[in-house]
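As C-alpha cells, here come the structures.
Below are two complexes that have subunit A in common, paired first with subunit B and then with subunit C.
And now, the complex of A and B:
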C-alpha cells in the first residue's frame, strides 16, 4: 500500500514536470535545431542584428530600471512611516494597494490613454508611471512583509538615540535589514515590466513584448528563440534570488523576536 | 503629532494612486456613459449586451470557467503530490518556475505554443509520424480549445503557487489525531481536509477565473485578434475608428470587465480572510 502510494505520487510529479518542460523542450528544438539535426544559434544572432528589436529591449530595460527606482522611492519611506507612526492604517493601505489587481491591465491602459495629457503620453517613459501601479500589489506586499519581520521600532529608536538623522536610519539601518524584501520587490517589478503587453500595445510603444509579438509574425524561429531564452533567463534569476535570500537571512540574524 | 496630522505621511502614495489609477478609472467610467459628442447616454451599455459584444462576454466567460476548473483540479493534485513528497529541490524549482510562468507568461507563452502545437510545431510533426493528424479535423492552436491549452500554462502555475503554502500548513498532527481516533484516510479527507479546504478552493477558483478573464497578451499574440475575447474587442475598438462611438463602447466593455473581475477578486479576498484563521 505504501509502495503504491509512493509510486502514484512519483507519477503525478513526473507528469506535472513533463507538463512544464515539454513545451519548453519542444520549442527549443523548433528554434535551435536545423533540419539535419545539428544545433544553431542563428535565431539569436539574427535577433541581435535586428536593430529595432534590440532598441526595444534597451527601452524596456530602461523602463524597468525607472519603474524599480520610482517604486522603491515611493514605497520604502511610506511603508517605514506606516510601521513607525500609524501601524493601525496598515490594513487598509494594503487593501488599497491591491486594487490594481481588480482592474484588468487593458482597462487601466484605456483609461490611461484617455485621461493623461498628450504631452505626457508623447514619451514611452510615461509607461514607468503606469507600471509602478501595475506592480504595486506585488511590490508593496514584498516590502511590507520584510518590514514585518524586523523590529523596526527598536531599530529606529536605537539609531536615533545614537544621533542618526531620519534619512540615515532609512539608508543605513532599515534598508540593509529589509534587503531580501527589496530584492523580491525589484525582481517582481522587473519580471512584470519584461512581460507587460496591454499598456504598451494600446499606447503604441515598441517595448520588448510588443516588438516580440510583431517579430513573431515575420520570423517565427527568432520569436520562439527569444521567448524560450527570456522565460528561462527569468527563471534562473529567480532561483538565484531565492538562494541569495536564504543566505541573507542567515547572515543578518535579528535576535529577540 | 495629532492623529489626523500623522496621515500626511501617506500623501505621496495616495496622491500617486489617485493620479495614475483613480483618474484613468474615472475617465473609463465617465466615457462609458457618453457618446462621441460627449452627451450623456446609456446606449453603450445596451450595445455591449448584444451581438458581437455579448458573444465576446460569453466566450471570455467560457474560457475563464474552463481554464479555472481544469487548473484548479490539476494544480491542486500537482501541488499536493509535491508537498507530500520528499523532493525539496524539485518543489523549489517548480515553485520558481510557476512564478515565472504565472507572471511573465503572455507573449512568450503564445510563441512557444505555436512552436509546439502550430501547423509545423514539434508535437504536431512528431504525432504525424504516428499517423495522428492534429490538423486533420479542422482543429488549430488558434481555436478556443487551443487557446484553452495555452491558458493552462499560466493558470496551473498560478494554482500551484497559491496552493503550495496552504497545503504546507496542513499539520501532520491532524491526520495523526484523526488516525488515533480510528478514522480511515478516506474519513480523514472527508471529515477534516475537505471542510477545511473548501472555502479556500472556492476562493482559488474565483482568483483563477479573474486572472483568465483579465488576460490579454496571450490571446492577442496567439490569435492576433481572431478569437474575440472581451479584452481583444476593447483593444480593437480603441485601435480602429470604424465603429461609431467605438472608444465609448470599449470603455463600457472595460467597466463590465472591472465588475466581473472585481466581484470575483473580492470574493477571493473574503474567502481567503475566512480561511486564514486556521493558518498560523
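And now, the complex of A and C:
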C-alpha cells in the first residue's frame, strides 16, 4: 500500500515537472539549436540589436515600475485601514479585486479607453492604471495575506500609545512586518506586466509582449528565445522571493506572537 | 505624573452598553485596578483613557487638562497589552527605544535611557534578541520597559499577565508593582483575576455590566462590600439559606444583625446569607450532636479549608490555620457558627 502511494506521488510529481519543463525545453531547442545540433546565442544577439524590441523592453520595465509603485501606494494603506477599521468589508473588497479575472480583456480595454481623459490616452504610461487593476487579484491577496499573519490591531495600538503617527506606524512597524507579502505583490505584478498582451495590443502600444509577437512573425527563433529568457527570468524572480521569504522567517518569524 | 479622571462616560457597541455614566478617579502616582468579569467594560474604560476608542459621551481629564478629543499618540501614555505586542522586526532594545525615537530624542539620551531601563528590568543579556527568541514573560517585561522608558503621564496595563504561567505571573506582578512605585507613575491595571488585583493595587474598582460598583482599598472592598454582587465577585463566599424575622437574620440557631449593604426583597421567600469561609468558626462536640459533618479537609500550606456538610445536604467551606484544622478529622460532627455580628443578605438560594 505504501509502495503504491509512493509510486502515485512520484508519478504525479514527474508529470507536473514534465508539464512545465517540456515546453521550455522544446522552445529552447527551437530557439538555440543549430541545424547541426550545436547551440548558439544568435537569437539573443539579434534581439539585442533590434532597437524597437529593446525600446519596448525598456518601456515595459518603466511601466512595471510605475505599476508596482502605484499598487503599493494604493494597497498598503487601504488594506491596513480595512484590517483596522472595517474588517467586515474585507470580503467585499476581496470580491471586487477578483473582477479583473472574470471580465474579458476586450470589455476592460474598451471601458478603460473610454474612461481615460484624452491627455492620458496619448501616453503609454496610461497602461499603468490598467495594470494596477489587472494585477489586483494577485497583489491584493499577497498583501492581505501578509497582514493576516500579524496582530495588526495590537501592533497599531502599541505604536500609537508610544506616540507614533499613522505614517510612522505604516513605515516603521507595519511595512517591515509584511515585507514578504509586499515582495510577493511586487514580483507578481512585474511578471504580469512583462507578459500582458491584450491591453497593450488593444490600446495600440508597443510594449515588450506586443513587440515580441510582431518579432515572432518575421523571426520566430528570436521571439521564442526572448520568451524562454523572460520565462526563466520570472521563474528566478519567484524563486528568489521564496528564498527571501524563508530567510526572512528564520530572522523574524511571526509565529509565537 | 497625573491624576486621571473619567467623568460621565458612556460607550455603546451596537446595542450593547459597555459603559454607562462611568466615573473614575485615579489619584496621582497610585495604582488602581479595575476588576470584573469578561465583558464588564473594564478594558473599554482603559482604552478610552488611552484614546484608542472614543466615548459616546463624557470626558477624560489628565489633571485639569481635558484629553477627550486628544489622539492616542499625543496623550503621553504607556501601555502594556494582553497580547504580546512587541514589534517582531525589532530587537528588545529597539523595541524599548521606539517611543524615544518617535519623540526624536538625542541618540545619547536614547542609549542611556534604554540601558538604564534594561538594567532595571534585568534584561540586559537579552537586549539583542528578537521577540520570537524570548519567553512570554521576557516579552512582557520588555513591553513594560518600552511603556515606562518614555516616562508617561499614565501607565495603562490591559491584563498583561493573563497569557503567562503562574510562576512567571507572580514574578512579573511583583516587578510591575516595584517599577510603578520606583517611578511613581499613575497606573490603571485591568484584570479579571482578583488575587492579582488585591495584591498589586492601592485601590480596587469592582465593575459589573458597565458600572463601577465599588472603588476602595483591597481591604475595604473585601471586608465591606457595598452589595452582594461585589461580595460574590471578591474572594470566596458561602451562600447559606437564612431566615429573617423582626429585622434579624437567624442562622445556626443564632441571631445576627443585617448588614446595611444587604440587598433583598421584603416579599422574597428565599434569602441567602453571604459568609466568608474565614468567618465560619468550628467547635468540637462531645457526641454526634453537632450541626455539621466534616466531609473533606484540604491542606493549603499555612491554611486549610474544611468542607462541611449541613443537615439539608448544603456544603459550606471554613478556612482556618492548618494548625487549628489539624484538630479535626473527616466524618467528625462539629458545631459551626459565624464569627461576625452582622450578615450580608441577598435574595435567592
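Assume the second predicted complex is superposed on the first by the 236 of 257 C-alpha atoms of A that agree within 3 Å, B and C clash if a C-alpha of one lies under 4 Å from a C-alpha of the other, contacts with A are read in each partner's own complex, and residues count from 1 in each chain.
Criterion: a contact is a pair of C-beta atoms (placed from the backbone, for glycine too) under 8 Å apart; a residue touches a chain by one contact, two chains touch by 3 or more.
Quick caveat, the model's predicted, so the values are computed rather than measured.
With both structures placed on the common chain, the touch criterion links A:157 to subunit C but leaves subunit B unconnected. When the two structures are aligned on the shared chain, A:16 is found in touch with subunit B, with no touch to subunit C. Of the two partners subunit B and subunit C, more subunit A residues are in touch with B. When the two complexes are overlaid on their common chain A, residue A:29 makes contact with subunit B while staying clear of subunit C. Shared-chain residue A:87: touches no atom of subunit B or subunit C.
In the overlay built on the shared chain, the residue A:104 is in contact with subunit B alone; subunit C does not reach it.
Shared-chain residue A:130: touches subunit B; no touch with subunit C. Residues of subunit B that touch subunit A in their complex: 1, 6-7, 9-10, 12-14, 16-17, 20-21, 23-28, 31, 77-78, 81-82, 84-85, 87, 90, 92-94, 96-97, 99-101, 103-116, 121-123, 153, 156-157, 210, 213-214, 216-217, 220-221, 224, 231, 234-235, 238-239, 247, 250-251, 254-255, 257-258, 261-262, 265-266, 269. Subunit C makes touch with subunit A in their complex at residues 50-52, 71-74, 76-79, 81, 83-85, 87-89, 98-99, 102-103, 130-132, 143, 146-147, 150, 156.
Residues 9-10, 12-13, 16-17, 19-20, 22-24, 26-27, 29-31, 74-75, 77-78, 81-82, 85-86, 89, 93, 96-108, 110-116, 129-130, 132-133, 136, 188, 191-192, 194-195, 197-198, 201-202, 209, 212-213, 216-217, 220, 223-224, 226-228, 230-231, 234-235, 238-239, 242 of subunit A are the ones that touch subunit B when the two sit in their complex. Against subunit C, the residues of subunit A that register as touching in their complex are 150-151, 154-155, 157-165, 168, 172-173, 176-177, 251-257.
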